[in-house]
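Letters are used for the chains, namely A, B, C and D, taken in the order the chains are written, and counting of residues starts over at 1 for each.
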Amino acid sequence: MTLNKWQRMTEWPLTVLALVFLLAYSWEVLARTHVSLCETTINVIWIVFIVDYVVSISLAHDRKTWFKNNLLLLVSIMLPIFRPLRLLRLVAVLNVLNRTSGMAVRGRITLYVCSSVVLLIYVGSLAELDVERNAPGTTITDFGKAIWWAFVTTTTVGYGDMSPVTWQGKCIAVGLMIAGIALISVITATLASWIVDRVSDEADKRANETESETTRLSSNVAELTDAVNRLRDDIAKLRESPTADDRR
Amino acid sequence: MTLNKWQRMTEWPLTVLALVFLLAYSWEVLARTHVSLCETTINVIWIVFIVDYVVSISLAHDRKTWFKNNLLLLVSIMLPIFRPLRLLRLVAVLNVLNRTSGMAVRGRITLYVCSSVVLLIYVGSLAELDVERNAPGTTITDFGKAIWWAFVTTTTVGYGDMSPVTWQGKCIAVGLMIAGIALISVITATLASWIVDRVSDEADKRANETESETTRLSSNVAELTDAVNRLRDDIAKLRESPTADDRR
Amino acid sequence: MTLNKWQRMTEWPLTVLALVFLLAYSWEVLARTHVSLCETTINVIWIVFIVDYVVSISLAHDRKTWFKNNLLLLVSIMLPIFRPLRLLRLVAVLNVLNRTSGMAVRGRITLYVCSSVVLLIYVGSLAELDVERNAPGTTITDFGKAIWWAFVTTTTVGYGDMSPVTWQGKCIAVGLMIAGIALISVITATLASWIVDRVSDEADKRANETESETTRLSSNVAELTDAVNRLRDDIAKLRESPTADDRR
Amino acid sequence: MTLNKWQRMTEWPLTVLALVFLLAYSWEVLARTHVSLCETTINVIWIVFIVDYVVSISLAHDRKTWFKNNLLLLVSIMLPIFRPLRLLRLVAVLNVLNRTSGMAVRGRITLYVCSSVVLLIYVGSLAELDVERNAPGTTITDFGKAIWWAFVTTTTVGYGDMSPVTWQGKCIAVGLMIAGIALISVITATLASWIVDRVSDEADKRANETESETTRLSSNVAELTDAVNRLRDDIAKLRESPTADDRR
């Protein structure tokens, strides 16, 4: 069994489990009923993710590289505070959907960024609410406030009307800030690439002209070769004619 | 009747209606007199926009694509809180004015961004003032404060001396934050494209030299062709002269 | 007298006046002595700047374009609140110093941005202190606090420990925010251009190879032309020899 | 002794000293025991750094250029408040490790930025805690809060729940803000370069086609040269045959 085969096999089941995890987590935080059922579900899914991680790394060809490329996955499994990162698997699914639809690079990046941001703000708000709700001196007391805080943090506006008071809440906040910077960077970079392309359209036209110049040159050389070949025929005839002359 | 024809027909009337909407909305929020007249005007214009949306989608060739490309339009029609988005039609008019004046890509982007930002800050302030003014615990109590808050939010500075307390106000704030990030991104991207171009001026000069190298090569081949042709003439004369020789 | 000649003539005197303006303004705000002398100096310089504006626009070839390109200059002359903008003339002097030293585009942009930011933060703090100092409820009470506030605003951090309370102070704040966004944009764009160049060094090498391929091709064609010419000589000799044959 | 040799000789000892400095500084601020031992260590290392600076500048070929390129080093030596900058030497070591591993430009930039940011936030928090801890009215009272404050500042979020009150603390804050802007810029620029490359892959393919066009042209010219050479042989045979004719 290769890693590739394993990943193809587990891709959809794990995505479904990530969705179930999202639902169980949302239910636990927002409804606050059936807490023990939700916790059990979350723990079972956690064990499945650990099993997947262990199997994946044991199947990997180059374990060191795989380990380095999947540090975020390890973090999301080892530290309960970062377990919402497991939902990044949902973003990974976009990769599958995309491969078939053949979108352009920029379109794909935009799709990833938008989905990741929506997911991050939703899950960040949930996690923040979960850890802050009962802290003394907290200002994040319901989901609406948590969503508002997540937006204010991710966009780096930071009014300060609400800010986390627990260390777990601050960890989540740092995660959202970094995500926010990444978001701004990706949007700017994608736009820059688009504008550079738009502006260089004219330059491209000039390049096409150069190309056509080369093509024209190529056809000139072809004509020239023809001319030289006809010349050889002429000379061949010339060589034949003196021979004819000799025979006479 | 095609969608194109419909859009050309309705372009100017709808722009005028958007302007009337802006005036009625400003009057209602700032002057707070003739509220019922303003409301009626706004509602009539709303119905016209719904009619335009329905006609447009029924005339569209590929309805699914049109629907996807005009999600923002649907949002601005369906949700009263987002009705200021209808004013984006005023920015769309710039498109028409521009097409004729033949500005460069970067000039056009700059013009769009500046107009959109001015419009967004103005309308965002209006909308924020409208929903926050009478909320308990609000800090946004007059138009000057609303404008100041809109600037602080859009530039992502976020002092926190004023921040929305109602959920509608928070929605508008999120809109302004996203607009602010878009603004920073567009400015950065446009500048980056400009600097890349400036720096690559030298590279362009080198490219021109390559081009001239190709041109020189082309003229070399032309000379060569001439030489070969003269050669053919020489050989033709050579063939003639032995014939003359034969005859003697 | 042309506009160019006028500008060359007035460049240094106006720069010196801008420096005097900076000193008088700093003295007035920071030392708060000789206020009337400082005010007189500032007003005299103001009149000189108005005269320069009027003479410049009357000498301009295309007055409409000149007017559009110098809107910021007009604003700095007409609105007392924006008079610190007159100091941008000091940044303009860098242009002169630079033209001679032949720096690269990116070096020049970096120099401009750093000087402008230092000047803007200094003058912004001065102006803010000037208008806020005696306002009721102000937090910006000395120059150190004003500098700190200017940094917090320009970098878009916006703690909110200090924020302007007067409308003039808010105008200056908006100016600094916009400058801050411009600053971030210019830094990012310059860096992006630098990285793109670094990465494309390899691509450049490949381009050089293509160029050398063209050069090699060109020399091949030259050799070929030589070959054809020698061929012509051979044929010429061939033509001569039958003539020699004839004579015998 | 040249500057290069001196730098190679002192590279590792100075890096170790920078590490010892980091440990002594951390111990002094966090443990608050053995303060006088830590202070002595820091002062001894300081003297070593001054000696290195003096020796380096006296060995430098072009002292003015070296002075300009090492302003930050001078600042870190002269001003006690900026002594954490000495730790930038630790980042400089990455340069050595990197040169051998042959990473690509973007990979190297990413590595530098991540290490610098981690180091800056850690040392910034330490320094901030050191100067703010005992100030009246401070909010930064333990290391956790200082780290949280450093993140909020560097990402330019700026909630304002904590902000420095001493002028030294504000200097450090300005340093972190500038670092934050640099961080956002570098991330954006690196991403922009990556996206531009990804998008231009297609354009590259087209460029390759042009190259192959040139290659084809080149082989055409080679064929043509062959044809002309065979032509010369034919003519040479032609010249020989009449001579043979003459002998007969």
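Observations, loosely collected:
Heads up, the rule we're going with is that a residue touches a chain if its C-beta (ideal position, glycine included) is under 8 Å from a C-beta of that chain, and two chains touch if they have at least 3 such contacts.
Composition by chain, UniProt nomenclature: A, B, C, D = Potassium channel protein.
Note that the structure is a prediction, hence the values are computed from the model and not measured.
Here the chain-to-chain distance from chain B (Potassium channel protein) to chain D (Potassium channel protein), counted in touching steps, is 1.
Ranking every chain by how far its Cα centroid lies from the centroid of chain D (Potassium channel protein), the top place goes to B.
Averaged C-alpha coordinates give centres for chain A (Potassium channel protein) and chain B (Potassium channel protein) that are 26 Å from one another.
Centre to centre, using the average C-alpha position, chain A (Potassium channel protein) and chain C (Potassium channel protein) are separated by 37 Å. Contact with two or more other chains is made by residues 156-160, 184, 188-189, 192, 196, 210, 214, 217, 221, 224, 228, 231, 235, 238, 242 of chain B (Potassium channel protein).
The residues of chain C (Potassium channel protein) lying in touch with chain D (Potassium channel protein) in their complex are 144, 148, 151-152, 155-161, 183-184, 187-189, 191-192, 194-196, 198-199, 203, 210, 213-214, 216-217, 220-221, 223-224, 227-228, 230-231, 234-235, 237-238, 241-242, 245. Residues 156-160, 188-189, 192 of chain B (Potassium channel protein) are the ones that touch chain D (Potassium channel protein) when the two sit in their complex.
In the complex of the two chains, the chain B (Potassium channel protein) residues touching chain A (Potassium channel protein) come out as 104-106, 109, 153, 156-160, 163, 167, 170, 173-174, 177-178, 180-182, 184-186, 188-190, 192-193, 196-197, 204, 210-211, 214-215, 217-218, 221-222, 224-225, 228-229, 231-232, 235-236, 238-239, 242-243, 246.
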